[in-house]
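This report concerns only the one structure given below.
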Amino acid sequence: MSSSTDFLLALEDVSVSFDGFKAVDGLNLYVDKGELRVIIGPNGAGKTTVLDLICGRTRVSGGSIKFKDQEITGWKEQEIVRRGIGRKFQTPTIYEDLTVFENLELSVPRGRDVVGALFWKRTDEVIARVREVAAMIYLQDQLERSAETLSHGQKQWLEIGMLLIQDPELLMLDEPVAGMSVSERIKTAELLNEIIKNRSVIVIEHDMKFVESIAHRVTVMHQGKVLAEGDMATVQNNPKVKEVYLGH
Amino acid sequence: MFGYSLGELGSILVMQGFSGLILFSVYLLMALGLAIIFGQMGVINMAHGEFMILGAYMTYFCSHLFASYLPGLYAGYFFVAMIVAFIASGTAGLIVEWALIRRLYARPLDTLLATWGLSLIMQQAFRSGFGAREVGVELPPWMMGSLQVTDTIEVQINGLFVMGLTLLITAGVAVLMFKSRWGLQVRSVMANRTMAGAVGIDTRRVDRLTFGLGCGIAGIAGSAFTMIGSTGPTAGQLYIVDTFLVVVFGGAQSLLGTIASALTISQSQSTLEFFLTGSMAKVITLLIVIGILMLRPQGLFALKVRR
Amino acid sequence: MSSEKPTGNLLVPTRRQLLAGAATLSATAMLPNLARADVPLTSAVNTTGLAVTDTEVTVGILHSVTGTMAISETGSVEAEKLAIDQINAQGGVLGRKIKFIQEDGASDWPTFAEKAKKLLVQDKCAAVMGCWTSASRKAVLPVFEQYNGMLYYPTFYEGLEQSKNVIYTGQEATQQILAGLNWVEKEKGAKTFYLLGSDYIWPRTSNKIARKHIENVLKLKVVGEEYFPLGSTQFNSVINKMKLVKPDVIYAIIVGGSNVAFYKQLKAAGIDLTKQTLMTISVTEDEILGIGGENIVGAYACMKYFQSLDNPNNKAFVPAFKKMWGEKTVIGDVTQAAYLGPWLWKLTAEKAGSFDIDKIAAASPGVEFKGAPEGYVRIHENHHLWSKTRVGRARLDGQYDVIYETAELMEPNPFPKGYQ
Amino acid sequence: MSALSAVRNDPRRLELIGFALVAILIIIVLPLALDIFRLNLVGKYLTYAFVAIGLVLCWGHTGILSLGQGLFFGLGGYCMAAFLKLEASSVANTKIQSTPGIPDFMDWNQITALPFFWAPFKSLPFALIAVILVPTILAFIIGAALFKRRVGGVYFAIITQAMALVLTILIVGQQGYTGGINGITDLRTLLGWDIRTDGAKYILYFVCCVLLLGTMFVARFVLASKLGRILVATRDKEDRVRFSGYDVANYKIFVFCLASAMAGVGGAMFTLQVGFMSPSFVGIVPSIDMVIFCAVGGRNSIVGAVAGTLLVNWAKTMFSEAFPELWLFAMGGLFIAVVVAFPRGLAGVMTDQILPRLTSFKGFKGTGGSGAQPTPAPAE
């Protein structure tokens, strides 16, 4: 089956195996422009691996991944990023040694080559952009704090901010609310709903409540395959899904 | 240089193959202890060579002990010596782990620096302890000489001995690692420290024993080396780079890889040595290893896992 | 580690204290000397600001006490201290006690240069006994020439050097090599030679000279020549090669730790040195300590001194050395050459009637030392020594039987024509 | 702007003060306090500081530990030595040789004509360029091969170490072309100017100081730039840097090359001041020693690196003069103590313990004077 062009992201028959164990097995996944897709599934279902495959962190054993109708399998991470895919890790991945400002500044999508970085000027424009994003992620007053002193939730936000400042067309979030307080979860939900206005988002999440609060479409993964797909209600009533979650 | 008859060339090949095998056993013996420590714990023990020399000195010590007190049993002193060497180096290893290494597990590169400092101290300790001069370890007569296979082919007895020893220890380590409960613990700790701790494995104890074992094996290696090499305060430094290359080249986590790489390196070295000078053979071997490592950083045998 | 330390080592500092004690003792004992009229005025014997007082003259000892070379250099240090001690006991040099400052070259050539400079510039040493490897000598040579010091260098070496500021108390290559080769040719009827060496200047130059002599003078055949990295411990390949070409003589110039590996592997490979002729110029009694007599018994060594040498000087020297440094110690060629240094300097100073470097350098040629353990030596115009060359055969107990010595003194010839 | 970087300014200012102190120490205090012999020694130590600064860049800030810096130090030194040796081997000086006009060690090894790769070193400009370029190119090759393949941490360390070993064996083995284990000795004049006189030694010392300060400022400029922050970011969260669209390998290659170039300059100054070059500076031991200098001073601090180098070497000299047999114990002990107790070295002690007591404002953080403990790059 050749790819259809109207999808932003199209995974077709993608597989990868580690020492014989098929972590992802003939997976098909299509994401529309402006869609917020939630991927759920029990541990070891291959959710994180899918993200790794899309962003080039892991090489596919077979199949094709198209982004904006362009084959990106085999690309380097930074190339994929520059193409417009941002990825947030499960545990907050930020530069503890740098300040919030510097964290965001480094993520500004300019001066990415050695020379550019060496003679980088911190223009008012950059500062303005950093401020703007900082405000979105509720850290406008924390700019000069060293990142390691932030709370867990704030770190999650900061990482999201570092992606936003690159203004990607596809944003992939791996358990964005893990370890967040209730109030932080609510704020995060708002943040996501803010974010998706002009881009597509893939979220991996366990917390069903949170999923309900944000999801458009849900994909359930199990043992490296897509078990079910559809809106929250249909998925929840799907017997196979019930079995996977409740069965054992 | 190539003016040999076919028969001669044949026996060259045999004898070269044999000396290659000796070199292989030597490398493997050196690398085993390191493979355990570096492969399983990620600790870079730059003092590995010194632990070997400690074993060598223990052997020297024993040979004198037997010569002066138990001349009757002299023929068999070497076996006792190897056990003593194992215990001495092993104990030293346990102490070092407790005093130094355990504070550095989070910082592998720093273990490198600390153990380098340690190696300096051990060298000087040897020098003040056993004198700056090299010591000669006398071997029981039965270990010397060689077996005449054909009129042109001879195999060396101590070479055979080293091979046998290597075989034995390698097998022992393999069993320990993959069959015994302790090996299971080691591997689980290396796989996931916190998890292992959670299921009630005393990770600290495992670490200490692993390090101790590694050093102990180094001790045995050192004692075996007295048969072919020299025993002096600084002799340990000669081995360290080779040893690390063997381990890294093999792929840190894999015992099989260590064996394979020891074989590759030793064979290429001894073959090259026959046609080039010793120096160039060494250089070319090293360059080959480095080259391959550049193409295949994870080493010969490495598990592919999700990072 | 510490638990296994045998106690023998603890003697080392003790010995040193003894020595210090002895030195001071003899110093005080000789005090009356100073009153004697024949002690020349300091102003007369020292016009260049060297460290010379009315009672003392300072010399330097510069060897490696740490690092890989400590193995070899320890003996030289001991010999030089013994010589200084004996000279002081006899009243010193020009009525002045010798005081020595010891520096550690740490087996590191720049450190040698650094320390040499310190001994000359800061300590103003009237002479320096030191260095062992060619590398360390090459490193200090410019220093001695620049600051005009006097170095007494004990090791047999490759030649190709001659300096106003150095007295070479060891043999240069031709002295050590030619006689030995002639001997094996005559006594052993050797036709083919296999040359081995550690990979650096001395073995390479020596083998070059050996090859020229074998091929051009003796009209014999060299069937192989091999070099190994310093510290190399794998010799099986070359041993296999030698088994095939079966040379009449294995000519080995392997140094340091490699020696141990080489001879052990030779023996293990079933090459019996009592049957296969092997000649070395690099294995002294010191090295045999590490190699083990049983591994080298039967090998021939060609140098100018062996501990077993039978002459009155040596009969006195060996016990004195053992008395000071312990019964176990052995004395190799270099150790003896190192012992010559202080004596030659004393004799030269007394001949010159001055400590001034220039006068010492000028007075050196012709100075003869009749008390040399090796018998008799005389300094040549080229600052090397006239000396006899001897061939020894290794015994099981790590000593050599002296089985041949040249009738005449060999003339030192650091730039041998036809051998370069 | 000023408001934003208010906090970060303090360590910067702090660092400048450090620079000033170093400058005063090496340019004014030491020359006045020490005789030429000791000063020349200091000059020798300072050449190691070039390497240590390079290590601050690639190890302290980027987390890539090279155990082969001696390689580049040596290459720089040998390039310089090659020029000086050729000048010293004029036909007049070498008429005693069988082939006059070539370096003595070549003559001893029956080489009868100058090898082609020696010829260009007759020109000083070429030699000076080579001093920087040769190490840089080699570093680029190694770096490109390894970093592009994401070889890091321990593996990089061991491979660089092996490279150092290879070059040592080559130099020793190919003595006809390299001078072998004796090295290239007896260097006399630079364009006719005798470098062995005390006067020359003074001048060379100050040249060395100036170059060192220059190097310090280059390093500071790099670290203060955004590139410097990317390096730190790479050290701590390499993946995140990649997912911010940077090609991490290029940054590593750049910093590794820079460090190597610095080492090369150090080597050249070493040759000029000590008067010869030998393989004993190319090998593993000197390479690790230099890492230790850097660790003692503080792997994150430029000033610390210089201070550490001076301190360790001074201690080494003192110790080996006072108790030759014991100094290895002291050295080893020092290394262990620093690594275990003060991972951030003198600089760390300075910023963490001493300054907070002296000054009112607390908790310096930033890329300059100090930084948090590095978590080494993951071994892949």
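As written, the chains take the letters A, B, C and D, and residue 1 is the first residue of each chain.
In the analysis below, a contact is a pair of C-beta atoms (placed from the backbone, for glycine too) under 8 Å apart; a residue touches a chain by one contact, two chains touch by 3 or more.
Every value quoted in this text rests on a predicted model; they were computed, and no experiment measured them.
Steps from chain A to chain C, minimised over paths through touching chains, total 2. Centroid analysis (C-alpha atoms only) places A farthest from chain D.
Counting C-beta pairs in contact across C-D and across B-C gives the higher total for B-C.
Here the CA centre of chain A is 47 Å from the CA centre of chain B. Look at where the CA atoms of chain B average out and do the same for chain C: the two points lie 36 Å apart. Distance between chain B and chain D, defined via averaged C-alpha coordinates, is recorded as 33 Å. Residues of chain D in contact with two or more other chains: 169, 172-173, 325, 328.
Among the residues of chain B, those touching two or more other chains are numbered 124-125, 127-128, 277, 279, 282, 307. Taken residue by residue, chain A touches two or more other chains at 57, whereas all remaining positions touch fewer. For chain D in complex with chain A, the residues that touch the partner chain are 1, 4, 6-8, 222, 225-227, 229-230, 232-233, 236-237, 239-248, 250-251, 254, 365, 367, 371-372. Residues 35, 37, 40-41, 44, 96, 98, 104-105, 107-110, 169, 172-173, 175, 180-183, 185-186, 188, 196, 274-276, 278, 280-281, 317, 320-321, 324-325, 327-328 of chain D are the ones touching chain C in the complex. Looking at the complex, you find that chain B touches chain D at residues 38, 42, 44, 46, 100, 103-104, 106-110, 112-114, 116-121, 123-125, 127-128, 237, 240-241, 244-245, 248, 252, 277, 279-280, 282-283, 286-287, 289-290, 293-295, 297-298, 307. Interface of chain C with chain B (complex): residues 1-2, 4-6, 8-9, 12, 65-68, 70-71, 74, 199, 226-229, 231-234, 236-241, 243-244, 256-261, 264-265, 267-270, 286, 288-295.
On the chain A side of its complex with chain D, the touching residues are 55, 57, 76-78, 81-82, 86-87, 89, 93-99, 101-102, 105-107, 109, 111-114, 117-120, 122, 127, 143-144, 146, 148, 159, 162, 166.
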